[in-house]
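Dropping the structure in here first, questions after.
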Amino acid sequence: MITLAAIAHEVDGQLEGDPDFAVDALHGIQTACRSSLTFYTGQFSQKNSQTKAGAVILKSEHSELFSTNRIIVEDPYLAYARVSRLFVLENNRTHGISDHAVISDHAVIADDVSIGPFSVIGDEAVIEYGVRIGSGVHIGEKVSIKRRCVIEDRVVITGPVDIGRDCVISAGAVIGSCGFGYARDGNSWQRIEQLGGVKIGDRVDVGANTTIDRGSLDNTVIEDGVKLDNLIQIAHNVQIGENTAIAGCVGIAGSTRIGGNCRIGGRAAILGHLEIVDNVDILANTLVTKSILKPGEYASMIPAQPSNVWRKNLAMLRRLSRSTFNKS
Amino acid sequence: MITLAAIAHEVDGQLEGDPDFAVDALHGIQTACRSSLTFYTGQFSQKNSQTKAGAVILKSEHSELFSTNRIIVEDPYLAYARVSRLFVLENNRTHGISDHAVISDHAVIADDVSIGPFSVIGDEAVIEYGVRIGSGVHIGEKVSIKRRCVIEDRVVITGPVDIGRDCVISAGAVIGSCGFGYARDGNSWQRIEQLGGVKIGDRVDVGANTTIDRGSLDNTVIEDGVKLDNLIQIAHNVQIGENTAIAGCVGIAGSTRIGGNCRIGGRAAILGHLEIVDNVDILANTLVTKSILKPGEYASMIPAQPSNVWRKNLAMLRRLSRSTFNKS
Amino acid sequence: MITLAAIAHEVDGQLEGDPDFAVDALHGIQTACRSSLTFYTGQFSQKNSQTKAGAVILKSEHSELFSTNRIIVEDPYLAYARVSRLFVLENNRTHGISDHAVISDHAVIADDVSIGPFSVIGDEAVIEYGVRIGSGVHIGEKVSIKRRCVIEDRVVITGPVDIGRDCVISAGAVIGSCGFGYARDGNSWQRIEQLGGVKIGDRVDVGANTTIDRGSLDNTVIEDGVKLDNLIQIAHNVQIGENTAIAGCVGIAGSTRIGGNCRIGGRAAILGHLEIVDNVDILANTLVTKSILKPGEYASMIPAQPSNVWRKNLAMLRRLSRSTFNKS
């Protein structure tokens, strides 16, 4: 139960209604009930105004659309994000250190750290104040994890890895895996041992089952505020600049440098040894094969068509270079 | 050792041959030996009739092709599927609850449940009759798992998640991971805490290392009979209808609703906030960017060509809009 | 600390300089310091010759570019790969068998095996000499792992799986997961139990969170020297020939046979039941829909363009079959 007054304070909003109104959940505008708080960004139809929510976060220009309690803010979506923290499940509290964890005597564990059962902390690992480590996590030797990070269940962090403050590493992610490097040796491949590490800044999120390889000689670098979704592959020596956000299933090949404030859509692929400057948006399912030196939006996605239509277009595409228009 | 009579009974087939013939393995038609059972669907060449198999499951119209023991059925492939269960490895038996598991006193564990070593069951989790949980599994607080589910090794199920009866969750899958939701806050991103859960129906299979995010406010929903292959990403608030089957490496972005009886080919990608109706087939490697409101088959895949040919076609494609035929 | 004499011996090189010079790290040519060894392959600019490295591995033709200690070899990149092994982190030593592992009395564990905490070894598993198993690993019943393999943290190996000598299985990989096989049964799907296994040759590397399904009846086969990067999906009954290298995020559908010495670029997808001969290169992001019976390079990738340019090309592409040039 949180009062509207507390919520208005959290989001720096102007309350129109009952400050003592008690909210017990945050809900979508259509699914809200009497004791819910919801938010309105203006993108939906008129019927949203018939929400059952007990309170709505919205812009002043939409204020008259709702007759219930209102909190007026400049950016309702951002306000919703801030308020969502107030409703986080209680199981995110720290729980202390499990008797079933194996922690090296040579690890340094700060106060207020929680470590779940069946987790392993290696020699000379440094775990700072307030870090929460789930169950079945592997933290290798010399790994450093700064204040208030959340390391979810079954994460593996190995090799020389530094993780900054307030990061969230989701379940099943692997950080510091061996980069894919081989030298040709006759008919076979000679493995190149990967001697670098991974350096992750503050406020970085890493999604479930995402993999980040350690560098071959230098580090793989993920700067402050980067957000990575699930099932992403970041190869060795990649660098990703501040506040870049990358959606699920993206693959980034070795040694590519991506600037800050980029947005990379789901399933995009970026080849190795490229440079992408700041403020580049790459749309979903796009392949990047050359450096991008100018900010802007880039694409190569082909949307689905009914397959009989697509097959005809494809047949033409596959012999474009032989077409008569080619000679005109 | 299983007799042909028992197999014919299992598949509701008509036995032509020795009912006491003892089968000790199920094999492909080419690799079968004297004591094997195999099946024939008619799709291969004449030499299949020279199989060494001791017995063949087949349609009546192919009966004279084989001189060995035969079981006549309407659908040999379906009969093979049914028979395969009889040959399942013995290690699928339940083994009781390991002394090396950590199980909350506040969890409810039914009879005939097996839980492997180094698994963790959280507070108020409810595990129904006959559920088999492998080793190193994390079942979070308040997770509910219904009768006879198989939860393989290293699976993580977290957040408010309900799993129906007879589901199989393969190794390394993560269910209930945090959705990828952020609000822009100046130059950085404000995390939106994900307060919803995941609701999974009966007879759902989830492949190895597949990830299913919990909803932001409402639930992510996977209906009865859905089959998901390996390394699939299902984002927050996605809904997938009954009996839809999705092949490996598919990514589905947030809030997309997919109907029932759809088939989605490997590596397909579906953008967010779309609606796809029932009975839609999406071919492999296809990108869906708009809602699909009509049943049928959809595609945007481009098959490989020798790269010198492809490069010429690609060169034309990339300047199609400047081509002379454009003006004709 | 390793002397140049020892390094020259390791790479069969000719030393020009001080044989007692002590190297303490391997670094890139730009980031090297006084006590570093580096290598020069000729691909960079003149300023490389200003490296601070105390020693350089290079070809004889580049010898005069550097005034520091030099080791002359035929293939500096291969020499670098060989030397990298000398600098591998000490934590790759074997550490014995953890008291916190659960090992079946019916498993056969050779000498000099290390097994990390919270790992499980099933009945009749056979672990040969010198194998190193990390923490939280699941090795199922009857799995066989040959000499000197490294099985990293949280790996799951299940079902009938044989792994050859000197393999490295990276963290989070799943080998032997259930193949995706179903028979249509009215409106729903009948699961086909997967009764085959996985056979992996010698010197195979498997990347982090990669999944390899076991065969439905016969085995999935990965031959000697194959290298698989992270987040790859190998479906049931796939066969991959010797020394083929596959980059990250590739998906290979069921029963496809890939020859030896192929190179498959990142994010490529290969449909099922195909045959690809030896010495085929498939470029990144390419889709293979038909068998490839001729060695060579194949592609279907479309590189990104600025999205306003791409949208125009795409608009043309999507109505190619209706274009006037089509009738000319």
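Read from first to last, the chains carry the letters A, B and C; within each, the first residue is number 1.
In the analysis below, a residue touches a chain if its C-beta (ideal position, glycine included) is under 8 Å from a C-beta of that chain, and two chains touch if they have at least 3 such contacts.
Worth saying up front: this structure is predicted, and the values here are computed from it rather than measured.
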Fitting subunit A to subunit B on CA atoms, where both chains share a sequence, rotation angle to nearest 5 degrees: 120
Residue-number overlap at the subunit B/subunit C interface, same or different (half cut): different
Chain centre separation in whole Å, for subunit C relative to subunit B (CA means): 26
Per-residue multi-chain contacts in subunit C, two or more chains: 118, 136, 154, 172, 209, 231, 249, 301-303, 305, 317, 320, 323, 325, 328
Of all residues in subunit B, those that touch subunit C in their complex: 25-28, 31, 75, 77-78, 80-82, 84-85, 87-89, 91, 98, 100, 116-118, 134-136, 152-154, 168, 170-172, 203, 205, 207-209, 225, 227, 229-231, 242-243, 245, 247-249, 261, 266-267, 284-285, 301-308, 310-311, 314, 317-321, 323, 325-326, 328
Contacting residues of subunit C [partner subunit B, same complex]: 102, 118, 120, 122-123, 136, 138, 140-141, 154, 156, 158-160, 172, 174, 177-178, 180-185, 187-195, 209, 211, 213, 216-218, 231, 233, 235, 249, 251, 253, 269, 271, 282-283, 286-290, 292, 294, 296-303, 305, 309, 312-313, 315-317, 320, 323-325, 328
